[in-house]
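Each in structure tokens, the structures are laid out below.
Next come two complexes built around chain A: one with chain B, the other with chain C.
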Partner chain A sequence: MEKKVFIEKFREALEIKSAAMDENTALKSIDGYDSMSVMAIIALVDELFSKRLTAKQLAEVNNVKSLMELIGPENFS
Partner chain B sequence: MKIEYYLPEKIFSNSDLESAFPEWNAGKVEEKVGIRERHVVGQNETALDLAYHACEKLLAGEDREQVDFLILCTQSPDYFLPTSACILQDRLKLPKNCGAFDFNLGCSGFIYGLAISKGLLLAGIAKKILLVMAETYSRHMHQDDRADRSIFGDASAAVLLDAGDAGNIGEFELGTDGSGWKNLIVEAGAMRRKTDPELKPSQDENGNFASANHLYMNGQEIFNFTIENVPAMISKVLEKNHCGIEDVKYVIPHQANKYMLEYLRKKMKIPAEKYHNDILLTGNTVSSTIPIGLKDSIDKGTIKPGDKILLAGFGVGYSWGAVVLDIGFREKNQL
Partner chain C sequence: MDSQFSLQGRNILISGASSGIGRCVAVFCSRAGANVLMLGRNEKTLSETLEMMEPARHALAVIDLNDFSSYADVIAPFIEKNGKIYGIVHSAGLEFSGPYNLTKPRNFQDIFNINAVAGFELSRIVASKFADNEAGGSYVFISSIRALFGVEFATAYSASKGAVIAASRSLALELAKKNIRVNTISPSLVLTPLLDKYFESLSEETIRSMKQQHPLGFGKPEDVANACIYLLSDASRWMTGNNIILDGGYSVR
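For the complex of A and B:
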């Protein structure tokens, strides 16, 4: 999957309105980012990659870049 | 199968939630989690009290001398001993030739209760079973645990089952994965770890307060668990019952939260009109969510006699179970 496509799907899944979000944006700085957002990430990663990320792994995800690294860089172009 | 349920009088609404936690967006709770109100027990009310009320509702107009087995599913018994079902037998003035026991399950409780009941009825060990779910997670939660207080509600649901009902209950798919035991737990207060009044609650990364004395739920791990196990369980239970989703009129999964349920529905490709997803006015009542959903669906006419339905419970333990059953024909307005 193209990185920019994933970032767009990520924004959609988490209902992020700010246009300024990119792969380096700190997730915790996003307005309204909460435990429901983490559920949305779990759902998104399952839907797109059939992968399961543990709560512990997700706690260490700071931005979309580190999320993509966790999912596996081979999944992105 | 005759069903009734009872919700305690006290309501904890989203406005109450916002008053208690001003920084918490209660609108989001309704929108994403699907809950506007939950009923919670008063200080001196227990799951057994709720069970009593649900059973009294159910037994109105019934000959309670016919009941020869009472099964209570609860994780909040009045005492470690004696068995709460024994106390309930007495309070309900059920005959003394009635068997009675408790079993300790949560979200999967109703499915396991149906499995046990089917066995007892088909073996001729019981002729008329009063199966009751009763839960008070509110009594286990810390006052400052806004996440769990948003989600859980207290309730009891009771069903009467006879041999005819047993004949309508199909095959089960049951499962357990105890490696998930820590993800929904009240750690202290039973035999492994004593309650420690000195324990100070700590805050997790989601801002929820809990100590070992109180309910702790790792929602994210539970979500992972359901994604991993629920679709597979549904496929297997359909296979065991020699039917496909197209043969099933309605699916009632354990009503944990709207978001998770909707994700599972899409993943399993179950049409929305065949899928129950409604905890707006009850919250997640643990073992009662399925019988409450069943009763409401029957009352609304969503489910009618002759319909095939699929019930699926999953959660604390981890424990899961699903069954396909036919809604039988009954005299009067019973189902």
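For the complex of A and C:
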């Protein structure tokens, strides 16, 4: 999956309205980011990559780039 | 055990007996004297359940509950050996947590197939082909507190469990003339492998907060299994179309 496609799906899943977002965007800087957002990311990654992340793993993730690394760089182009 | 709660010699079909609530129900049914037909996806874990049970004429069958057309063939050998089926406990379940904007028709269909339709199809086949018309019967569907109280990210799961309660009330009316009772149990959070999987998506703080919402703490499979024994036994002979809430006090506030 192209990185920009993933970022767009990420924005849709978390219903992010702000314009500026790239792979360096810190997750905790996203307006309204909370425990529900964590569950939404887990559901999104499961849906797109059939990979089940845990809340503990996501607690270590700083930004979208490190999320993609956690999912597996082989999944992105 | 008090004779009113005995299942001596009764044949009980349990779906989802590989683990969690279904496994515990199978063990408790065997202790109450029943012969149990266990359905599940995994032969190894079904065999582990069998090893925990009091010996009787039990059987296990590996089945994909999405394959509705296979049900009659899977049940038939048990009937030939043990006779008609008295009770059903539909405990097989899928969990799906996701925001509504990621909850698609396929998610609803997958979860409805296992949580709701599979139980109704098992009931249809047993009631029409494999039920003892003289003895009657008792069918129990495991619903959920989520059918009654909303929570974020559980739209599909809640819908499937709500369907179980709604359909059971109508089914209870139809099957009453065969002296078959139909009831549901709505547990809140019960410590099972399914719950462990759900907890993995939550922070420790969220889990702590959920525990605080349950004055008696989270449930154990035994809590639900005891209610199943009651509903399967003659102790509940005047009860049909009802739903038992088991929630450690979650809903009393």
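By our rule, the second predicted complex is superposed on the first by the 77 of 77 C-alpha atoms of A that agree within 3 Å, B and C clash if a C-alpha of one lies under 4 Å from a C-alpha of the other, contacts with A are read in each partner's own complex, and residues count from 1 in each chain.
Please note the rule applied: a contact is a pair of C-beta atoms (placed from the backbone, for glycine too) under 8 Å apart; a residue touches a chain by one contact, two chains touch by 3 or more.
Owing to the predicted nature of the structure, the values given are computational and were not obtained by experimental measurement.
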| item | value |
| --- | --- |
| Fit-or-clash call for chain B and chain C when the two complexes are aligned on chain A | clash |
| Touching partner for A:E12 - first (chain B), second (chain C), both, neither | second |
| Touched partner set for A:T54, first chain B, second chain C, both or neither | both |
| Touching partner for A:I42 - first (chain B), second (chain C), both, neither | both |
| Contacts of A:M1 with chain B and chain C, given as first, second, both or neither | neither |
| Which of chain B and chain C A:A26 touches, first, second, both or neither | neither |
| Residues of chain A that lie at the interface with chain B and also at the interface with chain C | 35-36, 38-40, 42-43, 46-47, 52, 54-55, 59 |
| Chain B - residues contacting chain A, complex | 25, 28, 32-33, 147, 205-206, 218-221, 223-224, 227-228, 259-260, 263, 267 |
| Contact footprint of chain B on chain A as seen in their complex | 32, 34-36, 38-40, 42-43, 46-47, 52-55, 58-59 |
| Chain C partner contacts - residues on chain A that touch it in the complex | 12-13, 15, 35-36, 38-40, 42-44, 46-47, 52, 54-56, 59 |
| Chain A contact footprint on chain C (complex, rising order) | 97-99, 101-102, 152-153, 197, 200-203, 205-206 |
